[in-house]
Amino acid sequence: MSSIVLYTLLTLSSVGALAAIILYFVAQKFKVYEDPRIDEVEAALPAANCGGCGFAGCRNFAEALVKADEFGSLYCPVGGNETMEAAAKILGKEAVAMAPMVAVVRCGGSCDVRPVINKYDGAASCTVASALYSGQTGCQYGCLGLGECVDACSFDAIVMNPETGLPEVIDDKCTACGACVDACPKDIIEIRKKNKNDRKIFVSCVNKDKGAVAKKSCEVACIGCKKCVKACNFDAIVVENFLAYIDHEKCKLCRKCVAECPTGAIQEVNFPERKVKKEEEKVVTETSKKNKEEGAC
Amino acid sequence: MNLLKIAPSPHVAGKHTTQNLMVGVLLALLPAWAASVYYFGWGAILISLVSIASCMMFEFFIQKYLLKQQPTLNDGSAILTGLLLAFNLPSNLPIGLIILGAFVAVGVGKMTFGGLGNNPFNPALVGRVFLLISFPVQMTSWPKPTGFTADVVTGATPLGLMKEGLKNGESVNAIMAKLPSHMEMFYGHMGGSMGEVAAVLLILGGLYMIVRKIITWHIPVFTLGTVAVFTGILNYVSPEMYAGPVFHLLTGGVMLGAIYMATDYVTSPMSKKGMAIFGIGIGVITVVIRVFGAYPEGISFAILIMNAFVPLINAYIKPKRFGEEVKNG
Amino acid sequence: MLKTFSIGGVHPAENKLSANSAIEVLAIPQKVVIPVSQHIGAPAKAVVAKGDVVKVGQVIAQSGGFVSANIHSSVSGTVTKIEDTLDSSGYRKMAILIDVEGDEWLESIDRTDNLVVDITMSAEEIKQRVAEAGIVGLGGATFPSHVKLAVPEGKKVEVLILNGVECEPYLTSDDRLMLEKGDQIMVGIQILMKALNVNRAIIGVEKNKPESIANLEKLSAKYKGIEICPLKVKYPQGGEKQLIKATINREVPSGQLPLNVGAVVHNVGTAFAVYEAVQKNKPLFERVVTVTGKTLAKPSNFMVRVGTPVSSLIDAAGGLPEDTGKVINGGPMMGKALSSIDVPVVKGTSGIVIMPEEQASRRQATNCIKCAKCVSVCPMGLEPHLLSKMAIRQMHDKLEAEKVMDCMECGSCSFECPASIPLLDYIRLGKGRVGNIIRSRN
């Protein structure tokens, strides 16, 4: 071996060793003490960093869980109860079981029932359009169809249906993180209780105009007639500002309101087909329900 | 009647489009291109066509098949990259190398960063410098201006000769005697890359672009000004060792670089103050490489180095805000 | 050398098609819709009810606060409804609907034509009258004028600047007013000077209105203290800050008011309204509106009663052309596209521009090529490409640091962008969100 190679090897090795030693001591001196449980809890979280828990990413949520005396309302909608149980086990705390939730788009104004009266030519952002005017239809509360909710979703759980011009939530993928709710400038999307078989009953309208005005712009608008309120045996529906709202905690999915609604504003989703006519429903309801549906009442 | 259209204001638009800006630059380059055809004959035509076609082809294929996007050839930027790349090459370069250069220019210099508007480095220069470093012999045998003759005679450029001569200890004046006169250099009668030669036509094209508001005067003036001042000082200090500003301005790619390459929108600063700093930086680095460095020509490297500083310049040098200084009239 | 502002600016085609059309009084419509919010600030509160009979000039809605304005009836007739009606904002807002009967004015209004030159009211009385008359900035901003006349303790006004610039393409209402009602405007200016206790006024007018400039220069010999300042034609010369910079070479610092550099700016139309209010006891209920467009049969300038549907103006100008693509309320740079032509004319309606179908669509947006044209044309020295990208990514702290709140939404950036990127759409979005954040801090 020539001396040059030897000297090169020696010099580089000693420089490397010296650097390693210095770095080791510096790392030790400036080390930030962190509760090791934070790492463990973070590993149990889904690592989606979506902000659905209300914190800035999974690590931030893990820190909050470690610091908190009890879990209370701290909840990860993506991981659900399973994840909260895992985190609770690591920390020796109690996990509070939360009901699963899902995002629901509350506008039924598709192209065929809500005529277009002008053409929007601005930037493809619902917030921009909403600040400019009331939209391409006569309904100033309805969905603008530009897809800001779709862009906001980090789980590909909401897609725009090109035929209806309305967004649709894919229940299996939705984690109820709330990103689409924040993105929608018209407050059309709501996080509601997730029921068995993904069944839903909700008022698919947010129009607060008087009934006649609302109906003029959209065939399936809620006109605030209150027939649904009268039909409901569980006090789950209130009408305010000519708009009905079904409380998802109180609703027992009995579907009586759906039958009563004159415009079709109340939607029932993922229920089996009704085989009976509306007039005969009252007589047949109890028996047919017991036979066909599971735990509807 | 059709439905009324609604959009946020403004409801009218100016006359510039990306396409007509690129076409404007191409028009500005046309006189200089005609001159290089006059001086270098068929080689010039061949290089231009091969370079432009390859750049367009690579951009089309990468966009359509690799990125699965809509190809955007209509904006004219691939054509411009192709022409500018050709301008930086000797007119006798083998075709395979041109195609390789086009691939590096468009594929590596532009598309890897996300296409038009996202590249930090001037794509034509990326291609050129790649070729220069990988194929130094072919890239530095410059044809002499013999027009449409069959044989191409090669030799070094005036800059190359100056560098060689100074290394050998000759004085500036002695070397200058062997080179074409200043006037000849101004009109382009010298060896060099395709676009280096006709200074007068390059300047004319530059003025055309400034009048049509395609570029502003800041980058060319500050770059050329810095080169002139720096070399002027050196020449004043020692006329034997350092050639004068006129020589430096007329030889090599400084004219082409300052007016057409450094002013590339995507890779230059956004504020006027930033453009001035950018131009000065290019001028200084060019002269340093030319006079003290190993290469005879430094403008390509200078521009690429300053391109790297552009994000920093943009972050810290902001345009003059309205109402910044409280003026009392 | 004509004076102008130093940073930025663009040159849209002027298209002053109606510059030679004298002001015509438009026929009173059969029904009017008078919104209760035609100004910046709190909406006015209706003081009439369904069934009430009203006269021209009668107060029908009371100012809702200090920064607010009274609304007066522009017609005589019966109130039929008070309800949410579609207006030029694109939404349904509270408005008073009146069925017109005759044209009966309040007796207190002086309907004679003679010029009243002597100003008998004191400064305080003038300010009160301006407030009572519901006068707001008629350049389009609709800021309640009496608020601008209330100079706080410690601030001194050195000069009153009048905005006769009308830099928006197509619009000519101020131009015709300066030509036809020059004397009244001059007296109005003197009234404002008295209210502000200044002895110097400058009227800024763009050079593309040579007859108006000549008329005003001739008149300025009669009226002390008023100078005329012809300005270079450049958009947005009519912006308040740009006008102050061009006329007296002072830059209003970021976030501050013109008062801080000793200036107050009013539109010439507002000066005319002040004349009518103070000298003729006539409140603000009508204004000059330009109705124009290349495809319109008769581009005109009409004196219009507030509440008249826009469709009446278009009919009087030759009818809505078949190939209309857009109807703009205001000018093409900052005006608002209307979703319906049945909306009413309000105090801030300076013009209606008809755009044919071929010109009504935006070009397809492409990649930003960082050409920096937006930076070079921004009159406030901002970087629109950066603000737009930050707004899309919701980087609100950085937006505030980059002075997005200084943006005057003039549209020069979107106008100039070769890639047709809707810069202003996103900047407005960012500005709105940052504005909310700033407001929620206090």
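Here the chain labels run A, B and C in written order, and each chain numbers its own residues starting at 1.
By our rule, a residue touches a chain if its C-beta (ideal position, glycine included) is under 8 Å from a C-beta of that chain, and two chains touch if they have at least 3 such contacts.
None of these values were measured; they are calculated from a predicted model.
Innermost chain of the displayed assembly, by C-alpha centre distance to the whole-protein C-alpha centre, is C. Simply put, of A-C and A-B, more C-beta pairs touch at A-C. Seen from the C-alpha centroid of subunit C, the farthest chain centroid is that of B. Per-chain Cα centroids separate subunit B from subunit C by 48 Å. Centroid to centroid, with C-alpha atoms defining each point, subunit A and subunit C lie 43 Å apart. One finds 53 Å separating the Cα centroids of subunit A and subunit B.
Among all residues of subunit B, those that touch two or more other chains are 2, 4-8.
Across the assembly, subunit A contributes 117-118, 121-123, 128, 132-133 as residues in contact with two or more other chains.
Residue numbers of subunit C whose C-beta contacts span two or more other chains: 90, 336-337, 339-340, 360-362, 422, 425, 428. Against subunit A, in their complex, subunit B makes its touches with residues 2-8. Partner subunit C is touched in their complex by these residues of subunit B: 1-2, 4-14, 16-18, 20-21, 72, 75, 77, 115-118, 216, 265-266, 268-272, 318-329. Residues 84, 89-92, 336-337, 339-340, 360-362, 422, 425-426, 428-429, 432 of subunit C touch subunit A in their complex. Those residues of subunit A lying in contact with subunit C across their complex are 117-118, 121-123, 125, 127-128, 131-134, 140, 209, 213. Taken together, the subunit C residues at the contact with subunit B in this complex read 7, 10, 12-13, 90, 169, 241, 245, 248-254, 256, 261, 320, 322-328, 330, 332-341, 353, 355, 357, 359-363, 366-373, 375-376, 378-383, 385, 403, 406, 409, 411, 414-420, 422, 424-425, 428.
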